[in-house]
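Two complexes, one shared chain (chain A), two partners (chain B, chain C).
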Partner chain A sequence: MTALLRTHRTDPAPFLLLAPAVLVMLSVVALPLVFSLWTSLTPYRLTRPETIGAFIGLRNYIRLFSDGAFWAAFGRTLLFLVIALNVEFLLGLGIALLINRITWGQRTLRTVMMFPMMFSPILVGFQFKFLFNDHIGIVNNALQSLGLIDFAIPWLVDGRLAMFSIIFAEVWMSTSVFAILLLAGLFAMPRDPIEAAKVDGCNPWQVFRHITLPFLMPFVYIAMTIRSLDVARAYDIVKVMTDGGPAGRTELLWTLIARTGYENARMGQANAMAYVSTVLSVLFTWYFARKLIAARRTMGGAE
Partner chain B sequence: MKRTLTALALGASVAALGSVAAAADYGSFPGYTLKVKLIGGAQYEPLYAEIGKWEEMTGAKVEILSRKNHFELDREIKQDIAAGTLDWCVGSNHTSFAPQYGNIYADLRELIPEETLAGFVPLVLEHSTVGGRLVQLPRHSDVSNLYYIRSLFENEDNKARFRAEYGYDLAPPETWAQVKDMAMFFADPPDFFGFQFVGKDEAVNGRFYEMLVAEGGQMFTDDWAPAFNSEAGVRALQFFVDLYQAKAVPAGVPNYLWDDTGLGFASGTVAMNLDWGGWSAFFNDPANSKVAGDIGLVRAPKGSSGRRTGWSGSHTFSITETCDNKAAAASFITFLTDYDRQMIEARKGLLPTRTQVWEDIKAEFAAAGDDFMVMVFETFQASMAEDAFTPPLIPEWIEVSNVLWPRLQAAIVGDMTAQEALDVAAKEALAIMEDAGYR
Partner chain C sequence: MAAITLSGVVKSYGRVTAVHGIDLEIAHNEFVVLVGPSGCGKSTTLRMIAGLEEISGGEIRIGGRLVNDLPPRKRNISMVFQNYALYPHMTVRENLGFGLKIAGQPPAVVAERVAEAAAILGLAELLDRVPGELSGGQRQRVAMGRAIVRHPDAFLFDEPLSNLDAKLRGQMRAEIKKLHQKVETTVVYVTHDQVEAMTLADRIVVMRDGRIEQTGTPIEVFSHPVNTFVAGFIGSPPMNMLPARVSGGALRLADGTGIALPERLAGRAPEGAEVILGIRPDDLSPVGHGLIEAGQGAEVEMTVEIAEPLGMESLILSRLGGQEVQAKLYGPRFVAPGERLTFRIALDRAHLFDAATGRALEAG
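And now, the complex of A and B:
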């Protein structure tokens, strides 16, 4: 400590050089966070700016802890995250492995694969809302025309089917994130261990299970971290397809938070919800970061 | 200022007589830039193509800061209120949204001459008034009436079977009880449905609210306690529950909004559809609709109280209190809602807010031999003049609306009984009203 102070006294250059970065970080990250944390301790309403000064302590948070609808949305978002991430991972891995195998047209396929990501989530929401419309939607009409069903499946009304439909739309749009990152991993993979394994008599499954997959795992966890942050904030697709309904069956954290903050103009309460919901993102990020470190260690042969 | 207002009044009177707008004087504001935030979307854009004419007449420029849908615009305006950045003059508004914004908008009775306002339908101006202040000038209105497939009602076999089953003649319904019978009669799921309704967001609240009024109920008591969980409320909600449980409406209705119901009726697989006037031209266009040429239209039916449903709202323009040139802003919104501009919008099927435009657009369609559009404007004119009513014009309406619609859905899909659903919603709505200091 003494050494540090002495350094500080004698050589302010490092601190001066760091100062711009620190100032930028403070103004674009820390200040908004502190501001929103403060509003979560007030009854702040967007349409009544004067309410920002009324400190009410933890009342918004206490109210949240007894709010069944919030916790139901919390649980639903968790479920949504787990299912969407795993399905996207499996599909993305499959696509990456397949694309890695082909030699002709690979670049074109890689580009085509990215098309869904180029659509706005709102557009994707509308697209799937009409595909899954029970009456005039193409899915039911196709199933009925093929004689597979003689009734209308209420895709966006039944609780489980509605969640399935939303997850389907989310997976359709974002699986390519996994595919691209895993494909990058496959490209970066050295050929020697695989060839050595083949010489040793390993079958394709053993090569995949013990060499390819461990090498890919750091890429998987990076993709998982990025997508978990995205999926935990899922809003546009859900807003368009069901708006959390019917009867709250597909309500996720951010449809609830956005309605509270903007439509009801209760920004203080919405920010309290947002702070609690970030716990989810922090937990997922922490979990995947730990897994990433472990996977890298394994890959480096440390364990 | 006085000269401008006189000129405005003169301009409006001339327009009201049906003369061309070129004769109107909208004042002179050379070099001034008027900042505006407008609602965007295909059906609203033709009006904005006219803005250049106002700029040419007045020497002012219009800077459009935003052109978004109403929900995004609402969000942006709330952010402006919060950030204190109301540095613009004119904003698109809506009768359902206006009460939320407090006193950010000016009282137009102080800015626009009485002679100009006299050209508007009085009931629509009344709906545009919040807390005794005219905070918005109506651009066009919306109310719903009942479209039906005419041939179904004229079919002799249908008539005979309906009479045998229900004991009265099959004819375009006059009451909602008849709609229910007829919807069940026509339904043949999953291929054909008797009726449909929008089932989520503020849309389903509007449908419930108008049925509540038609059943003789009210949303709030005189001292602002929620009163929609009354017997009339249960009857109103039960109407939707019964139709849903009987599969007389598509299974997806709890997730339907206007595009779903509009496209559903145009697909020719729904017998009756309560919908806005703006869909009329679409429904009768063979390129878009399988029921073109086979559409009947009657005024929205009556509930058990004898009153017709008539949930209504208007798209409007407002002027901010912080505007630095209210005279220019008043001139601009007067121009956007004048006779000629409303005729342009009415030709697209939007319902005008000026009395004279209602008459003249009908005459224009009649002269062109478009009997269908004449019938549309006659029906909608009657309901705008006699049946229309707005949701409660209080800032808390949207918030109350957001606790109500999920409960309405819960009753419709069978998670709760109508009474349970309304009781829970009433309890939550009461907390909102108490928080807001009404009680």
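And now, the complex of A and C:
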């Protein structure tokens, strides 16, 4: 034991070998984190660099809690998250179940399904901005040509419709994340319990409800975890399609934070917002991770 | 509880036909074992009875009811799968009660039947565990429990013991037999293991290449195999098959060894016929070390090549008529390789098959 301790004390090799990694972690992760936390405790403005030294305690946070615009963005982000995740889950599940049934052309379809994920969210934003444009957009054009409407629907100008349009774009882009993960789950699923359930008296819906779905839940939670982090930081699509408009009706947390930090140059305030919104992401991740662990424990006996 | 009737049942996958028109009557409460090598169509036949495979032709009736187009859930059968097929996310209690719950039985009835099944199979202690926490034998028992709680018309077993080790397999075999005596129900049991077939069956159905080769009680199939396939498949170690020619009232083996044609078989093979003489290892023993009474049968001298002592008996590998044969020596006695012994053949239990068709040569 003493020999072991001595070698630990005298041998510098382990420390030398670890040093580069530690340095990189410190400079890339720890330092910016401490720096941003510090600035959230100051009235730091990008236009007045000297303000970074003025410590004002929790005043930024206190102001946040009485800031209606911030809470509106917070609530909107939550709503966005809940709707997008659920719609993507349901659509993804449906697509996965359908693709799982077909035997011919399945590989091709799987690849095609991934296409939306290959585009930059900015481009998806531009594309949908064009599609939903009330004058030249293809959506209104199609609806009018079909004779369903005889006026222009203000997709991106009306507050509610604008939110819908953004969610639509988000769902279009990312449903395949759910579809792919759930399809992987279906592929991994043993056939025997399904047959046993059929013999046990289940109709197809009951087989799905009692056997297939519980088996898929771990995969659902993995997809939910990934996507909740993704959606909670939504910025690019919103920035491109509406820039938080009209009149702030599609302002989400990160568009508000970016506006506060870069356009208004109030970096201290923006960082305080960012820390509060991080809590939201952490909560979602924690919730889904717990569900995942519970679901995986009971799936331990799956052959 | 019900009889099962298969008439002209065919299964084809595209151009490949897996089952060629099977006819089988399974009586109420009968324990029938479908046995045969891999790919003989036995599992497919079982899955067609269960409704997990559609049938391509013929009729299946359970309890007189035509079930050709009924989904599995409407056939009132239960099945035990090779891989147990338990529901991994449910406890043993939920696994057992699942079918009843789906059928809309009140919770009190479910609990009562689950308790009953658990008592029969000794599962009471395990009711709150999930399948992941059970051993292979316990999982198999749960799978059987799940089958009996529903009081089905018939049990279908699809190679239920093949994932267990040899010792456990022996135990579970006995339990299945006991279970059948306790819970009187028609059973169709599929296995590739002829020992399981012999020990469990009221009636054995030997299958090959999608056809039934022979149907009969274990003793019938063992004592009167209809062809060389059944003769070689049933019985362990397998029957010795020696090509021979009938000449001058005796059988001439390939190397010229002559064996007197026993009276029982004499009428079945005309002079000059090419036949196969089938002798089970138990019917070929060194003089004084077999089950054959002195003075009976034919005697031959053979040289021991390999002896495999098993304790109370030894398997002896030797040569007869230029061909390897297995013989059995009863009693604990050491046999050295190269030893020359006089063997007695129990000719009254020997079999004769047509060399060209492989069919048993019957009297008359």
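Methods note: the second predicted complex is superposed on the first by the 267 of 303 C-alpha atoms of A that agree within 3 Å, B and C clash if a C-alpha of one lies under 4 Å from a C-alpha of the other, contacts with A are read in each partner's own complex, and residues count from 1 in each chain.
Definition applied: contacts are C-beta pairs under 8 Å (C-beta built on N, C-alpha and C of every residue); 3 or more make two chains touch, one makes a residue touch a chain.
Only a predicted model underlies this, so the values are computations on that prediction, with no experimental measurement involved.
K.L.:
Should A:198 be classified as contacting the first partner (chain B), the second (chain C), both, or neither?
P.N.:
Only chain C; A:198 stays clear of chain B.
K.L.:
As a test of reading the superposition: which chain, chain B or chain C, is in touch with more residues of chain A?
P.N.:
Chain A has more residues touched by B than by the other partner.
K.L.:
Check the residue A:267 against both partner chains and state whether it touches chain B (first), chain C (second), both, or neither.
P.N.:
It touches chain B, and chain C stays clear.
K.L.:
Which partner does A:247 reach: the first (chain B), the second (chain C), both, or neither?
P.N.:
In the superposition, A:247 touches chain B alone.
K.L.:
Now for A:179: first (chain B), second (chain C), both, or neither, which partner does it touch?
P.N.:
neither
K.L.:
Can you list the residues of chain A that touch chain B in one structure and chain C in the other?
P.N.:
On chain A, no residue contacts both chain B in one structure and chain C in the other.
K.L.:
Of all residues in chain B, which touch chain A in the complex?
P.N.:
By the definition above, chain B touches chain A via 74-75, 78-79, 81-82, 84, 100-102, 189-190, 193, 199-201, 250-255, 260, 263-264, 267, 269, 395, 398-399, 402, 405-407, 409-410, 412-413, 415.
K.L.:
Can you tell me which positions in chain A touch chain B when the two form their complex?
P.N.:
Result: residues 46-49, 129, 133-136, 140, 144, 150-157, 162, 241-248, 259, 262-267 of chain A touch chain B.
K.L.:
Would you tell me which residues of chain A are touching chain C in their complex?
P.N.:
Spelled out, the residues of chain A in touch with chain C are 190, 192-193, 195-203, 206, 210-211, 214-215, 298-303.
K.L.:
Give the list of chain C residues in touch with chain A in this complex.
P.N.:
The contact residues of chain C facing chain A are 50-52, 71-73, 77-79, 81, 83-89, 98-99, 102-103, 130-134, 146, 150, 156.
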